[in-house]
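A, B and C are the chain letters, set down in written order, and residue numbers restart from 1 in every chain.
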Amino acid sequence: MTEQKDRDLYRRLRLIREFEDRISALDKQGKLMGGVYSGKGQEAVTVGFCHDLRWDDWIFPLHRDLGAYLVKGADPKRLMAQIFGKREGFAKGKDSYLHGGDLPNGIFGATSMLAATLPVAAGMAYKFKIRKEDRVAIAFFGEGASSRGDVHEAMNFAGVHKLPVVFVCENNFYAYSTPNELQFGVDDVADRAAGYGFKGEVVNGNDLHDVMKAAGKAIDRARKGDGPTLVECKTYRYHGHSEHDRADYRSEEELITWESRDPIFLWENYLEKRKYDIDAIRKETTGEVTRIVEEAVAFAEAGQAPEGPEAMEDLYAMPIETEAR
Amino acid sequence: MLIDVVMPQLGESVVEGVVVKWLVEAGESVAKDQPLLEISTDKVDAEIPSPSAGRVAQILVKPGETVPIRAVLAKLDTDPSASRPAPEAAPKWDEEIEGVPGHMARTSEPPIPAPPRVEPSAPPPPPPPTTGRIRITPVVARMAVEHGLDLSKIPGTGIDGRVTRKDVEGYLASEASAKEAHSAAEASEGKPAPKAAPPSSALSSEVPAKKPKTSEGKPPAAEGDQVIPWTPIRKKIAEHMVRSKQTTPHVHIFAEVDMHGVAGVRAKAKKEGVNLTYLPFVIHAAAKALRETPIMNATVSGESTVLKKDIHIAVAVDTSKGLLVPVLRHTDRMSLKEISAAMDDFGARAKSGRILPDELSGGTFSITNPGIKGNLFGTPIINQPQVGILRLGQIVKRPVVIDVDGEDSIVIRPMMYLCCAYDHRVIDGVAGNAFLYRVREILEAGDFP
Amino acid sequence: MLVTYIEAIRQAMDEELARDGNVLLMGEDVGVMGGAFKASAGLQEKHGADRVVDMPISESLIVGAGVGLAVQGMRPILEMQFIDFISCGFDQIVNSAATLRYRHGGQTACPIVVRGPSGGGVHGGLYHSQNPEAWFCHVPGLKVVAPATAYDAKGLLKSAIRDDDPVIYFEHKFLYRRIKEEIPAEEYLVPIGKAALRKEGRDLTVIAYGAPVHAVMKAARDMATEVDIEVIDLRTLLPIDWATVKASVRKTGKVLIVHEARLTGGIGGEVAARIAQDCFEDLDGPVMRLGARDVHTPFAPALEDYVLPNQEKITEAIRKLAAY
């Protein structure tokens, strides 16, 4: 990899981290409403899978994949406005957080019904296949969501038709409070791929090199028409399920163990070993990501709050008369 | 500037939080995002980061106190020197980097256009004002019947002057105190209590204040207006038309017919000294098509369709006495010339009024022709109890595109719109369309014996 | 005993788990964590992990497994972490649980309770604000309840657990910690199928359930000098207590039905139709309804406020009906 790309990957990791930290702080400062689901600690997964995608590929992030938005090309300003529920956000205030996708950039918004995006991704990949488009769909989901029937239905169909889709399971070991052992009986979610007739792989989701290697292979396979792949990334969220979750269900020791394998820390280590000027890079990147996030916050705070009657817009292609007078 | 530090809402159901302890003191300078205090709610414990850099001006809530969400916990004096950093050059972020296609997303053309913003529809106009009626509610209607009340005597206090239950109750109470006087008044006026407004009427029942005028009696006419009472034949036509429109769902379909072939036959006949109009051709073609589409040659009887064995086409003829519709018996057995002769005969006899009643009944299908002063096309009314009717449009020479030796060519042709109405109770599109298509086919073939 | 609405729910489950060994609680994060809203705090410690079960994120499984347990004579309480997720268990509720007794010709009962937090007004957005009770009122075989007070929350949940039919129990998350109420220390039940007459009045009747009951009661107090309002809290939505409804309509002649759920296809339509049919000659005005506008419950405060009924809209509707 070139130094330029190495440094760019670093900037991406740092931008996501800065963005997530800022949102958590804004929430505690009472400036946000609604849930905030920090993906802090999981940045390498979204960077690894989205960085080398084409503009016309599609991603299906779940609630903790804010990073995927930032890497796939969403405007940080609009993303922040989305979180503030402003008119400038993707959903124009109708819903917050990652429920409003940025479709022109190939980013599909999720519902709260976990993994409900997977069948949608499969359907989209089916279109890519029958129209002979060499595009791919990347569907992210947590190991918690893997317990839902939608996951089975989507993977089964993708296996039947060898669809150009990559299923990315972010296993952060807890579905809210519920640990892996109360969620599934297999060792790895990736083991399930065999049941659908495609390859499953487990990678260290905190190591960007590992993630990028697996992502590259899986995306290449999909693009060439060789079918889906399930990549399970073992990773960890530092925060609770949401900002109002104490996360009492896990130990301090466990958290510290994972913090010592932090994806940004690992990547800085790599940059240093490559004999790049890590201090200069760190300084420059800090200034850059801070500015981008501050500008995004300023943009969102100055954004327009939607007005009541706008609630009725965007419901149908042409408005229908729903309120008899 | 003084800004507020507030108790955040950490969780949808959370309504209050406890200040556990302050990590700063009043007067202390703090950095942005520096933890100011610890809070605890039903769901979470958290450190609250400072919303801005500045100096803690005032601490308003003591440790151990419970306050609702959004309550102000402290005041912060923001330091003007700690404002946002001045904007620098645009970040390198957006620059395209060779070999990294992920960056292309924002500068490339979006794969999906943004959905248009659709304006909500305008509110409907307000309902028309209602005057001259007493507006009442069902309970008032019932009370009026029970107590034999004349509602026009009770002032309504509801919206639009509605007589409400309370109005009736008030009236009854005042009546009770002056019962005799009330009875006398009612007797002298001799007005019966309105039995109108049965409970089965609409939700906001409307009782006419006066008896409505019926349509009987003299029609209103100003000086100089001429009143023409309907003749028996007019009445019959009127009654028949109304009945037809009421009982039959009419479907009207149109065909554009090239009458070039027919014109050729006419020209040939003319040379032989025979004058043929276009009408007999259409009658002849219709008779032939009816034989092939029996459902069109039918009548309705109650809830049954009677497919008629014989084809008797009725042809509308305009006479000085009004519209007459004589019937050509066994039309399908008649030659073109016989049809033409029969029509001429009807025309002549209609003028002298010597068409027999029998000749006007028993039709199984109708054809109407507006004649020389015709028009492009019209939508005829079915002659009950038949199920179909054809109407001829004016024949007009028009440039049309036809296939000449495999080439598209523009030629001048006498064209005619033919309208067919059919009874959708009996006939579906397939049969109706097939019939009209067949009529056109026969006419365009120009092959008449 | 002064308790919040959510504490009343917790107590009901605690008491029933203690009273009857066949009662269990199953749901996402209900055990170790005590529930996303802490409705089951401490219950796993007290009653054991076998009976207060942390389930995978699998609503269809949670309901379906509940049906299997029920056939074996158990009485599972099945928690949807947010009631919005009930759609993920919809098939098991309407096709499996609701038909269980019927399709077996009465050979078995289906004593399950599906409960969870519903309702908006908390800026929860599209998937944390829903009021889907009407979907279930269209399904024969189910019972549907929606308590508005801590007293009812406890008494109705205990009744639901003891009921031999599947009961869908809608909690309103807006009320969880916003209302605190004195309830009896001794055991009590609130019967399913019985409405509560919250306030007597003679000018008009307002029928409500769930969180709007509180706004309606406030309106009745605030407007006391203008109009004498009778307030009925339905409490049970299937079956509806028609006797109480009709008696009130016959008395006042004017009715407004208020619910937070969307207007079209909502409970208010069913209530209005029944009143129009059975009490037509008693009506002194059109049967009126107030519900959410026919759109999803949006996130931004101004949008949400525009969509959902609130104090102001309730007052306006009452005034309009009173003047009719």
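By definition in this document, a contact is a pair of C-beta atoms (placed from the backbone, for glycine too) under 8 Å apart; a residue touches a chain by one contact, two chains touch by 3 or more.
Model, not experiment: these values are computed from the prediction.
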Margin query: Can you tell me which chain lies farthest from subunit A, using the average of the Cα atoms as each chain's centre?
Written below: B
Checklist line | Selected interface, B-C versus A-B, where C-beta contact pairs are more numerous | finding: A-B
Margin query: Based only on mean CA positions, could you tell me how far subunit A sits from subunit C in angstrom?
Written below: 36
Margin query: Counting only Cα atoms for the centres, state how far subunit A is from subunit B in Å.
Written below: 48
Check: Taking each chain's centre as the mean position of its Cα atoms, how many Å separate subunit B from subunit C?
Finding: 40
Next item on the list: Would you please write down the residue numbers of subunit C that are in contact with two or more other chains?
Entry: 123-124, 128
Check: What residues in subunit B touch two or more of the other chains?
Finding: 11-12, 14, 43
Note to self: Please output the residue numbers of subunit A that touch at least 2 other chains, ranges allowed.
What the structure shows: 33, 35, 309, 312
Notebook entry, point to check: subunit B touches which residues of subunit C in the complex?
Noted result: 6, 37-38, 117, 122-124, 128, 173-174, 176-178, 253, 276, 280-286, 323-324
Check: Which bits of subunit B are touching subunit C when the two form their complex?
Finding: 11-16, 42-43, 137-142, 158-159, 162, 164-166, 199, 203-204
Checklist line | subunit A residues within the subunit B interface of the complex | finding: 2, 4-5, 8, 11, 15, 25, 27-31, 33, 35, 50-56, 71-73, 75, 103-106, 240, 242-246, 287-288, 291-292, 294-295, 298, 309, 312-314, 317-319, 321, 325
Notebook entry, point to check: What residues on subunit C touch subunit A, complex-wise?
Noted result: 28-29, 32-33, 36, 54-58, 60-61, 81-82, 84-85, 87-88, 123-128, 263-264, 293-296, 298-307
Checklist line | In the complex, subunit B residues that touch subunit A | finding: 5-12, 14, 33, 41, 43-51, 69-70, 84-85, 87-88, 91-93, 97-106, 108, 110-115, 117-121, 123-124
